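Residue numbering begins at 1 within each chain, and the chains themselves are lettered A, B, C, D, E and F in the order written.
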Amino acid sequence: MDRVPFGVPGLDPLLQGGIPKGNSILVCGTPGTGKTIFALQFLYIGATQFNDRGMYVSIEEDPEDLKKQALQFGWDFRPLEEKGMVRFIKVPIDTVNTDIFKMIGDAYVQMNDVRRIVIDSLSILSINASMYTLPIKTMVDGKPQFMENGLVPSPMTLSDETKQFIYLFVSKVSELGATTFFIGDSPEKGSDFITRDTVSEFVCDGVIKLETKEFGKTIIRTIEIKKMRSTKAEVGYHTLEFTEKGIMVKPFEY
Amino acid sequence: MDRVPFGVPGLDPLLQGGIPKGNSILVCGTPGTGKTIFALQFLYIGATQFNDRGMYVSIEEDPEDLKKQALQFGWDFRPLEEKGMVRFIKVPIDTVNTDIFKMIGDAYVQMNDVRRIVIDSLSILSINASMYTLPIKTMVDGKPQFMENGLVPSPMTLSDETKQFIYLFVSKVSELGATTFFIGDSPEKGSDFITRDTVSEFVCDGVIKLETKEFGKTIIRTIEIKKMRSTKAEVGYHTLEFTEKGIMVKPFEY
Amino acid sequence: MDRVPFGVPGLDPLLQGGIPKGNSILVCGTPGTGKTIFALQFLYIGATQFNDRGMYVSIEEDPEDLKKQALQFGWDFRPLEEKGMVRFIKVPIDTVNTDIFKMIGDAYVQMNDVRRIVIDSLSILSINASMYTLPIKTMVDGKPQFMENGLVPSPMTLSDETKQFIYLFVSKVSELGATTFFIGDSPEKGSDFITRDTVSEFVCDGVIKLETKEFGKTIIRTIEIKKMRSTKAEVGYHTLEFTEKGIMVKPFEY
Amino acid sequence: MDRVPFGVPGLDPLLQGGIPKGNSILVCGTPGTGKTIFALQFLYIGATQFNDRGMYVSIEEDPEDLKKQALQFGWDFRPLEEKGMVRFIKVPIDTVNTDIFKMIGDAYVQMNDVRRIVIDSLSILSINASMYTLPIKTMVDGKPQFMENGLVPSPMTLSDETKQFIYLFVSKVSELGATTFFIGDSPEKGSDFITRDTVSEFVCDGVIKLETKEFGKTIIRTIEIKKMRSTKAEVGYHTLEFTEKGIMVKPFEY
Amino acid sequence: MDRVPFGVPGLDPLLQGGIPKGNSILVCGTPGTGKTIFALQFLYIGATQFNDRGMYVSIEEDPEDLKKQALQFGWDFRPLEEKGMVRFIKVPIDTVNTDIFKMIGDAYVQMNDVRRIVIDSLSILSINASMYTLPIKTMVDGKPQFMENGLVPSPMTLSDETKQFIYLFVSKVSELGATTFFIGDSPEKGSDFITRDTVSEFVCDGVIKLETKEFGKTIIRTIEIKKMRSTKAEVGYHTLEFTEKGIMVKPFEY
Amino acid sequence: MDRVPFGVPGLDPLLQGGIPKGNSILVCGTPGTGKTIFALQFLYIGATQFNDRGMYVSIEEDPEDLKKQALQFGWDFRPLEEKGMVRFIKVPIDTVNTDIFKMIGDAYVQMNDVRRIVIDSLSILSINASMYTLPIKTMVDGKPQFMENGLVPSPMTLSDETKQFIYLFVSKVSELGATTFFIGDSPEKGSDFITRDTVSEFVCDGVIKLETKEFGKTIIRTIEIKKMRSTKAEVGYHTLEFTEKGIMVKPFEY
C-alpha cells in the first residue's frame, strides 16, 4: 500500500510507515494544542523531503501569519512557494455566496499533482457557513440535475444544515484524491463529541487528537491516533514535544 | 431456531451459536473502534463459509475503499462480486429526493435470496436525511393510501423528523427479512444515548457495542452484546483483538 | 383491595400480593434489560394461572416475533389466542392520521373484559407521534365539544406537543380500567429523567425499573419498584434472573 | 404569627409550630416519594384536628383514586365531603380553553373560608398548559384593561410561555389567601433545578423536598425544608417514615 | 473612596469598610439562602444607622409580606415609610406593556436622594419579561432617536431577547447612581452560570453569593464575595448566621 | 521577532519576552478574576514604560468607573489622556444599528499609531449584538460588492448569527494591526467551552485564562497561557497576586 509519511520523528512507526495515501485526516484538539504547527510541518516535510506538492487552505487566517509561525521552527515556505511546491490560499469569510469548493478545486487543478492538502479549519468554516455555497444535485424525472444555488446554509437553521454542509464539504475535498488534513477545534473535556461540528470525526478516514493533559502539577502534551482506516495503528497516547525543529513524538511516560 | 453465525472466533458461543435469523443488529461505537471491519468480516465469512449472499449498502463511502480495507485481512471481495455472492451499493449523498428504500429494495430483489445486509451508516444517513424520501401512507376515508412524496425530512426540523425517518428506514429494511447490520456512531462516553440518532438502539433487535477502554496506561478494545432478542446472550464485556485474519473475541481479562 | 398478581416468583410479596387492580404501570429500562419478556410473562401468567384476558398492543413490532420470543421460555400464546384469552394488535407506524385510541378502544370493547394490557412502547409511539391523532374537546360558549381533528402533533413542534400527546394517551388508555403495562425506554445513566418522553413516569400509578448494573467485573440484572400508588412497596433493588421459565426475582446480594 | 400546623408527628417543631398562615408551599420530589400522601394528610389532619376547610384540586387525576389512596392510612374523606369540610375538584386536561383560575376561584368562593388548598400538580399543568387560559391585563392609554383571551400558552413556544403561565398561576392561587401546597415533580438528581417547570421553587414562599436516598444498600426516605419565608426553619434532612397512620418525621440517623 | 457600609457584623471588614458607593451588586443564591433578608437588612440598617434613603422594588411580591418577614428580626419599616426614609414599590406582573424603568425612575426622582435600592428579583423579571417594555434609541441618518415602543421582548424568542432586556435594565437602574442590590436566583450546583439569566453576574460591579453547604451531616450557610470592582475584597467563603437581630458573618470554620 | 511586553512582573519571561506584536489575545475568566485590572495594567504600562499608545473600547461600561478602578493601584490615566497617549471610547448599547467597527476604526485612525487596544467585552457585545451592524460583502456576478446593511444579527436567531458576528468582529479589529486584548467572560467550571460566545477562543492568536482555584480552604488566583501563536509559551498554571501596584505573576506553589 502507498503511504504518505509524516516525517515527524517517532510518528510514522505508529502507523506502519505513514498515512494510507489519499486518506482524509481530522487533526483536532482544543485551542493551543499545536494543530496548525502540526499541519505546517506535514506540508513542509512533504515538500522538502518527499517532493510532495502541498496546498494550505486557510479560512480567513492570513497566510503571512502562518509563514511567520513556521519560521519559528526554521521552516521557510517562501522558496517553496516560488518553486510552485506549496501554495497558500485564503478563502474570505465576509463575502456572501462564495462557492468554496470551486475556489479550492480550481487551485487544485491549476497547481497540478497536489499530494497534501491542509484545510484550516472546519470550525471557522462551520461558523461562517452561511457565507458559502456548495453545488448539489436534485432528482428530476429520476435523473439528477444540478441545482442553481446548491446548498446554501441559511442562518435560520445553522446548526442542522451546517452539519450537512461540513459533511459534504469534507466528502468533496476528499474526492480530489490528495492526502488531506482537516483541522478541527475540540470542545473542552467532557463533551459528547470530539469536534464542535460533531460530524467530521466520522466522515474522515483518520482522526488524530492533540491534547494537553494535566497530571498533578505536570502538564504533558499528547498525540493519539484515534482512528485510521486501511492500516493498523497503535492505540493509546504518545508524548508530543515541541523542539526547535518542530514536533517530535515519543512513548508516553509519566 | 435458525441462527446466522458470525464465524468470528469466540463470538458465536456468547449467543448460543449466532444471531437469530432475520434479526436487525445495531453495531455501534465511537470512531476507530472497528465497526466497518466487523461488518465486512460478517459478509465475507457469510459468503465464503456459509454460502450466504450479502449486500453492503454504503451511504457515500466508496466501495473501492471498503474493499481495500478488507484486503488488509486477506479478504478478497472481487471474486465474490463476480460470482454474485456479494454486492456493494453506493447511495449518493448530494442528490435531493433519492428514494433510498427503493434503491435498496430493488437491489435486494434483483440479487435474490440475500441473507446478510450491512447498512453503513445510520449516522451518515441521518446527517443527510433531507436528501432522501421514504414512501408513506396517509389515511383517506379510513383507508391508507400512498402519499405522493412520502416522508421528506425538511432541514428546518431535521432533529425531530430525522428520528422518525431513521426509525422508519430501519423498520422497512428489517422487513426485507435478511439478517442486517446497521452501523451507527456513538457519542463519546457520558451521553444519554448509545447512538447519535438516539432511536436505532431500541428499534433494532440486537445491539452490539464496540469500545476502546482505558485502564490506566493500558488500552483494551472490547465488544459487548447489550441486547439480543429471541435468544440468551452473555452479559458483560469481552476483549476484541485485531489479528492478521480479522477480529477475534476472548474473555475479558485485566 | 383487589390486586393483580404478577405470578413472577419473588415479586408479588414486594407489593403485598400484586399490583392494585386497574393501576397503570410504567415498565422502563435501557435496551436489553428485558422489558418485553417481563410484559409477555405478565400476560401469559395472567391468562394461564389467573384466567385474566390480555391484550398486547405493539406499535409496529411484529406479533409473530413477539410470540417467538415468548417460546424461548416455553410460553405458547397460540392456543390462548384461539381461545380468545390473549390478543395481539399491531398499530402501523407509517400511516398518517391513524386514530390510535380508537384502534385500541375498539379492540378492547370487542374482546370484552380485558384485565391486562401491554403497550409496547411509549418510546416508539413518541417518535412517530406525528402519524397519530387523539380526540380532544374544545370549549365553545362554555361547553366542551369534540374537535374535528383532535390533537395532531405537528413535526414542527414534536418535542413539546409530543409530551402532551403521550400524557393524554396514557390517561385515556388507563381509563379503560385494565391493569396496564406501558413499556418505555430509559436513557443511559446520568439523565434527568427515567424515560425519554419525560412524562410517563409521573402520569403512571407505578414505575418499575429494570437495570443492568456493573459491580467491577460482575454484571447483575436488577428490578426496582420506584413508585406504586395505593399500596406499600418495598424500596430498593432486587436481583432479576432469567431462567428457562422466565423471570425470577430474588433479594439483591453482592 | 398565625401558623398552620401540619399535624405530622415530628414536623411542626422544625418550623416553630407550623407553616406561616397563607404561605404557598412547593412540595416536590421524584415519582414515588410520597408527595400525594403528604398532601392528603395535610388536608385530612387540617379538617379533623384543626377544623380547617380544605380543597384538593387535581389536574385530571381521579378524586376516587385519591380517596382510595387515603384509605390505606385510615383517612376517610367521604364524611368530610358530606359535611362540606373538604372538596375534591377535577380539572379536565383534554378540553381546550378552560379558564383554570375561574374554576378554582369559583369553587373557593362557593365553599367559603377555605384554609388549606392542594394543587396536584404543577407538572401536569405545565405539560397541558396549552389547554388553559389565564386572565391578564393590557395597558391602554396608561390604564390596565382586561384582555379578551388572557394568556394562552401556544404549543409553538411551550417552554417559555409555560414558565410565565406557571408563575402567574401560582401567584393568582396564592392571592386567594389559603395556605396552599403546590405539588411538583423533581427531575432525577443532577439537574440544575428542583422542579421541571424551574420557576415554582422561587415563586412559592416555602419549598419542602421529599427524597429517597441511597446509602450503600440502605434506602432512606427523607424530608427537607429547603426554604420557608417569615419563620425560622431547621436546615438539613430528616427521616420520613410511612406508618399505618401516615407519615412521621424523625431525626436523620445513619 | 466613598463607601456604603452593610452594617452587617463581620461583613464590612471583608470589603475594607463597605461597598464602593454607587456599585451595583448581584445578590444570588438558590431558594432559601436568605437573599431577601439580606436585602431588607441592607435597607433597614442604611435608614436607621446611616441615614440613607432606600427603595425596595418588588416584582409582584407583596410589600406587606416583606415587612412581615422583616419583623421577625425586629426591623419595623412602617415608621421609616412614614418619615419618607424607605419606600416599597410593587411592579405588577400581569399587565402587558408596563414601562418598568419609568415606574422605578419616577419613584426615584420623587423620593429624592435615594442611596440604596433593592430590586427583587431579576429572576421574576426575566420570566415575565414579555410584559415589560424598555425605552431604546435607533439610528436615523447617523443620529440616535427614541423608538416608539422600545425593547419589547416577544414570547417567541424569550430566551435571547430577555438576556438583552435584563442587561439593559440593570445598566439603566445602575445609572441612577444609588448603590443597588439586584437579587437573582441561582440554579442548583453544577450549572455553567451563577444566575439563571446568565448575564447579571458580569454586568453588576459586584457579586455576593449565599449558599447552603453540606459537610457530611452538617449544613452550614455561607457568604462569598465573588467579585467587587474598585476595591479589594477577601476571597473565599465565610459563615453566615441568622440571629434574632438578622444576619452575622464569621470566619468559616469546619 | 517584535514583541509587546506586558511589563507585569513575572509574566513576560513565560512568553520569551512578551506577546508577538500584532497578536490578538483573549483574556478570559469568570466574574471577579481580574480581567479588567489586567487589561488596564496592559495599557498603563504600555503608555508609561514603553511609549505605546493605547485605546480602551468599553461596551457601555463608563470610562470614569474604569479610571477609578485604575486609581486603586496608583495608575492615573488622566494625564495620559491629555497627552493623547490613551483614549477611552464608550460604545453605547441601547442604540439600534450602530456601525461598531466604524466607531472603533475611526477612533483608531484619528489617534494615529495605536499599538495596544482593549475590547471590554466580547460577552457584552454578544448579548447586545442585535444593536450593531458590521459591513460585509456579497458576490454579484462573481465580484464582491458591499451590502447596504452588512451583517445585522436578528434577535430571532441570536445564538447562531451572533457567533458569526463575534468571529467577524474579532477578525476585523485584529486587522487594524495593534496588539489587542479581547476580554471575555468564562462560564463556571464544567462547560464545554472557555468563553460563552464559544468562538473567540480559537479566532484569537492567544488565550490567557484567569482563575480562582480552590484547594481545600485555600483559594489561589491563577493565570494560564493556554495558547500563543508564533512563540513558545510555558504551559501550566502560575500564581497571580494583586499587590498595591497591580498584578504580579509567580510560580505556582501549593
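Keep this in mind: a residue touches a chain if its C-beta (ideal position, glycine included) is under 8 Å from a C-beta of that chain, and two chains touch if they have at least 3 such contacts.
Note that this is a predicted model, so its numbers are computed, not measured.
Between the contact lists of subunit B and subunit E, the overlap is empty. Among the remaining chains, none touches subunit C as well as subunit D. Counting hops only between chains that touch, subunit D reaches subunit F in a minimum of 2. Farthest chain from subunit F, judged by C-alpha centroids: C. Mostly differing positions are employed by subunit E and subunit F in their mutual contact, as under half of the interface residue numbers are shared between these two copies. After Cα superposition, the angle needed to carry subunit A onto subunit F is 60 degrees, rounded to a multiple of 5. Subunit B and subunit F, compared by their mean Cα positions, are separated by 49 Å. Centroid to centroid, with C-alpha atoms defining each point, subunit B and subunit C lie 28 Å apart.
Counting partner chains per residue, subunit E has residues 156, 190-191 touching two or more of them.
Viewed as a network of touching protein chains, the structure reduces to one closed ring of chains, two contacts apiece.
Residue ranges of subunit D in contact with subunit E, taken from their complex: 1, 136-139, 144, 147, 156-157, 160-161, 163-164, 167-168, 171, 190-194, 198-199, 201-203, 205, 207, 226-232, 235-236, 252. The part of subunit D that touches subunit C in the complex is made up of residues 30-32, 36, 60, 65, 68-69, 72, 92-98, 121, 123-124, 127-128, 130, 155-156, 158-159, 185, 187-188, 190-191, 196, 212, 214, 217-219, 221, 242.
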